[in-house]
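Report on one structure; see the data block that follows.
To keep things simple, chains are lettered A, B, C and D as they appear, and every chain counts its residues starting from 1.
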Amino acid sequence: MGIRLGDHQYGKAENRIVRIQRDTARHEITDVNVSTCLRGAFEDAHLTGDQHAVLPTDTQKQTAYAYAKTVGLASIESYALALATHFVDDVEPVSGARVEVEQYGWTRVDADGTGAGHDHTWVRSGQEIRTAAVTVEGPADARRTWVTGGLKDLVILKSTGSEFHGFLQDEFTVLEPTNDRVMATALEAQWRFAGTDVDWNATYAGIKAAMVAVFAELQSLALQQTLYEMGRAVLEQFEDVVEVRMSAPNKHHFLYDLGRFGIDNDNEVFHADDRPYGLIQASVIRDDAPDAGSAWQQYSGLV
Amino acid sequence: MGIRLGDHQYGKAENRIVRIQRDTARHEITDVNVSTCLRGAFEDAHLTGDQHAVLPTDTQKQTAYAYAKTVGLASIESYALALATHFVDDVEPVSGARVEVEQYGWTRVDADGTGAGHDHTWVRSGQEIRTAAVTVEGPADARRTWVTGGLKDLVILKSTGSEFHGFLQDEFTVLEPTNDRVMATALEAQWRFAGTDVDWNATYAGIKAAMVAVFAELQSLALQQTLYEMGRAVLEQFEDVVEVRMSAPNKHHFLYDLGRFGIDNDNEVFHADDRPYGLIQASVIRDDAPDAGSAWQQYSGLV
Amino acid sequence: MGIRLGDHQYGKAENRIVRIQRDTARHEITDVNVSTCLRGAFEDAHLTGDQHAVLPTDTQKQTAYAYAKTVGLASIESYALALATHFVDDVEPVSGARVEVEQYGWTRVDADGTGAGHDHTWVRSGQEIRTAAVTVEGPADARRTWVTGGLKDLVILKSTGSEFHGFLQDEFTVLEPTNDRVMATALEAQWRFAGTDVDWNATYAGIKAAMVAVFAELQSLALQQTLYEMGRAVLEQFEDVVEVRMSAPNKHHFLYDLGRFGIDNDNEVFHADDRPYGLIQASVIRDDAPDAGSAWQQYSGLV
Amino acid sequence: MGIRLGDHQYGKAENRIVRIQRDTARHEITDVNVSTCLRGAFEDAHLTGDQHAVLPTDTQKQTAYAYAKTVGLASIESYALALATHFVDDVEPVSGARVEVEQYGWTRVDADGTGAGHDHTWVRSGQEIRTAAVTVEGPADARRTWVTGGLKDLVILKSTGSEFHGFLQDEFTVLEPTNDRVMATALEAQWRFAGTDVDWNATYAGIKAAMVAVFAELQSLALQQTLYEMGRAVLEQFEDVVEVRMSAPNKHHFLYDLGRFGIDNDNEVFHADDRPYGLIQASVIRDDAPDAGSAWQQYSGLV
């Protein structure tokens, strides 16, 4: 009955890189959180403590900052592709690399009231965090690459247009059915691309818009239904995307009982509860999607 | 050498109230976090455990939700004024009440692409949290009232237009002076009003815009200078305001040393550090401001 | 090219249940965070919004609280086993259930100084969070069950006995090798049991002690080596366990440069940095471990 | 109607310093979070941007790390006294300095099972965070010094021995009185010392023990009463202490309604709710306490 090393990976998590483009007086800002992860022949480091095959996590950090300048951050997907490919191609013991990126949004301030936006001042907009994960495996002549894009913490709420009834009941069921409720979530979604020849930024904006539109306009019979339709809309509108995975907490807004004080409350005053919350997870996929391979093998837990 | 009860206050903190206005098909949302606090003759509760004078914190909660309907949340300042006044006027042992409110921003989604915004769906915009604190003291014929508005977590960054040099040096000084750096903060500000006859929402928007404009447009010699000029702009533009208090962490963005790899980095790639951070606090006040009284006596620590 | 629903699951996350045993004057406390998740024939809920097969998440919550009384919380593993089995056996559309539990530690206060501990007062000890996840699949006559135990947020540090040298170098490598450094992590570990006939609480205590002992006593050549030896010790000492998975941030403690001020600093004063951090992940497994099946298919992300 | 600079202060917040004592093989660890703050003649920095009087926050950081070595961290109070005094005495424009410190607890691991504790390995115990704040003002011949100690995040719970009844009722009161409830809080307390000739570490341990003992043993009629008695016990037992301030969230544990399922719940199963929470604040003070002066003028909000 032997004992052996199983799966293992290592890297540097949460490099907080801010990249300013200042070629003209009108600067651009890209604000990211980068985690790099190497997979390969690192058994000796675990079994005997011999580090000869281990590229230090500090080196991975230096590389991540250097690539922010040399490759740039035109999109987080293209940056992560370059960085992951470098590790696999240029570091001998590395057979696979994963780069996970969070991106925080900034909005130009309207300091002069013209709406043009200031040249070099922004406020963090914070509507959602954009994410991407790139996994590269194998030598150049047998290369496999997976790219996923995504978002998280997109807090979205509709004050009507949501129902929930006709559900299964057992001896512990006390919930009342409803034909009109607040529905709110903090959406996390990730989508897998078929290839890498993609207009990353335009596609991101399009996917987010498509999901938000479905959430708003679908008369919802359950959060389950809304999620499925959101994923379906993405697949229908974006040929590059072959799978969408979503995780959606049902952020409960409980109608507050004001009737006991003689006050009407016709879906006007709610208590936004913290915990517990419903948590619905679903994926939508093309019948002919290529196999997911290592696409979903996470590293940092952030993406 | 006696021992006695000193200052004391109590209440219900962080009532998470969401108010929907649905008089027409175009709904409105107000999302707040309300803390109520009572001051008065509560010695017996402390000294003997006798609760006859203590209005339960649960009752304060019920009242906060009820007032969200009966008074409404046209502005957080007006709501807090009504709620605090109720406690002082209608609950006999209460000599003073403080109501602190945080408000979270929501933005209508553009589901149909027209820019009109959806009637009943929003995303949390999260640019900053608006705050207000109202303190009411004394019987109706000797009433004193203080209102402060504010904001927090306004993360703002400029990629140039900021210097820092000519500072004092001692044996522990190793910092290099700079003529061009990134300056960023997560601004917290509170402003005290002279009275209560104010257009609260318009004033809030105006004050935020004024502060943001100064941050963007002033060539900064130090965060200290920027804060003073922000406060001064508010006092100059808003007659209703008599004092501005600001607390601003200097969120350091350190230029990353890429030169050792033979890569130029002309203020392009930065490391956004977490801790420690500079922390600058300043107030700007009118010479003839009325006394602050209880205006700044905090309760929850949130506002 | 069709589009279809892929994997999906749903439930109620983060039920914050506190269970007091008060059969005698010496009470016991169990403080847990329970997430329940159902898998099965819920396609209609997604595809058409028909909820006939959906047991509401609210019902799952009621059940979790009820089972805290009827089954009790003698261990989080036994509680989760009962709850997951109930959903699979008693709720017709459910083919699989996963229950994830976090448990928070409490320590009796020593109010009288005797060391006996108070009968009904505790402080939250907070050393680490104990976790468990139970997955039950299939009808009773084809039942499969997986139990994992674990811990997270075990912050552990050694001030010597840790080296790091002999590592791979490339053009971005600037790290200096060291023969003596601080090594610290916030350990997350999960271990998979072969069966369910286990003394859960004693095993938990034993596994934690075994891991801590290795961390302390092994002269470490890398965090990778330490993790492997920790996992190996668990498998060697606990026959019930067939696999251990670990995720360990390398919480960097950088020696502070005081030499520029003429002050020696011989591994005495460190800066505890926040981000980025190395992140090392490894598993150790028996050669003859049964297949993991659904054991590692997460739900809430908390366990 | 002029506009002028009001109160202002600045410094470096959250220096995360870890100090190891390694004079013998049995090491000691002190883990702190230090914030330094200067007050004085800094008007020019605000009004004109002239930094000649401003000692950079970076310099304050260097000094905080240097003093961790040269002065040491025998106690956080003595360290903060030395650091604050240095700034006032040695930096000309500084008229007052405040140093705030958080300290995190570590416990030796019992790697060999003897109970002796490992020589150089600890786990973070996390029961509570110890705090201190030192304020020094004026030149040496007119020196004033205030020291406060404290703790925060001491999560403490009693499963019986707590009542709440006989309270004031109005039209919004629906709370039921109770003779037996769970009482829990996350205590924050700060105590002011009369002088600086104090055995800081022993006093800290004694004060914490005294407060915990009262919480455990007092049959509580309200959290208000418990707080007062805790503060009184401290003042009675510790001559050096002249005032105690406490802030205590009432972390509600609601008895879960299992009766609707035919299940008894005699104070056995509770829901630990997040928000809102009661928040009770009180101080207890000696009649002859010296004036508090600047003792309570906070800086970072952490202490």
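Keep this in mind: a residue touches a chain if its C-beta (ideal position, glycine included) is under 8 Å from a C-beta of that chain, and two chains touch if they have at least 3 such contacts.
The shown structure was predicted, so the numbers you read here are calculated from the model rather than taken from an experiment.
Engineer: Assuming a repeat means more than half of the contact pairs shared by residue number, which candidate in A-D, A-C or B-C repeats B-D?
Structural biologist: A-C
Engineer: Please flag the chain sitting at the greatest distance from subunit A, going by CA centroids.
Structural biologist: The most distant chain relative to subunit A turns out to be D.
Engineer: I want to compare two interfaces, A-C and A-B. Which one has more contacting C-beta pairs?
Structural biologist: Between the two chain pairs, A-C has more contacting C-beta pairs.
Engineer: Just how far, in Å, is the C-alpha centre of subunit D from the one of subunit A?
Structural biologist: 38
Engineer: From the C-alpha centre of subunit A to that of subunit B, how far is it in Å?
Structural biologist: One centre to the other, that is 30 Å.
Engineer: With chain centres defined as C-alpha means, what is the inter-centre distance between subunit A and subunit C in Å?
Structural biologist: So the centroids are 23 Å from each other.
Engineer: Check each residue of subunit D and list the ones that touch at least two other chains.
Structural biologist: Where subunit D meets two or more other chains at a single residue, that happens at 15-16, 62, 66, 172, 174, 261, 274-275.
Engineer: Draw the chains as dots and join the ones that touch; what shape do you get: line, ring, star, complete or other?
Structural biologist: If you draw each chain as a dot and join those that touch, every dot ends up joined to every other.
Engineer: Mind listing the subunit D positions that touch subunit C in their complex?
Structural biologist: 15-22, 27, 29, 31, 62, 65-66, 68-70, 106-107, 109-113, 118, 120-128, 154-161, 182, 209, 212-213, 215-217, 253, 256, 258, 261, 263-274
Engineer: Can you tell me which positions in subunit D touch subunit B when the two form their complex?
Structural biologist: 1-16, 35, 37, 42, 45-59, 61-63, 66, 90-91, 93, 164-170, 172-175, 220-222, 224-225, 227-228, 232, 235-236, 243, 245, 249-250, 275-288, 299-301
Engineer: Spell out the part of subunit C that touches subunit B in their complex, as residue ranges.
Structural biologist: By the definition above, subunit C touches subunit B via 171-172, 174, 260-261, 274-275.
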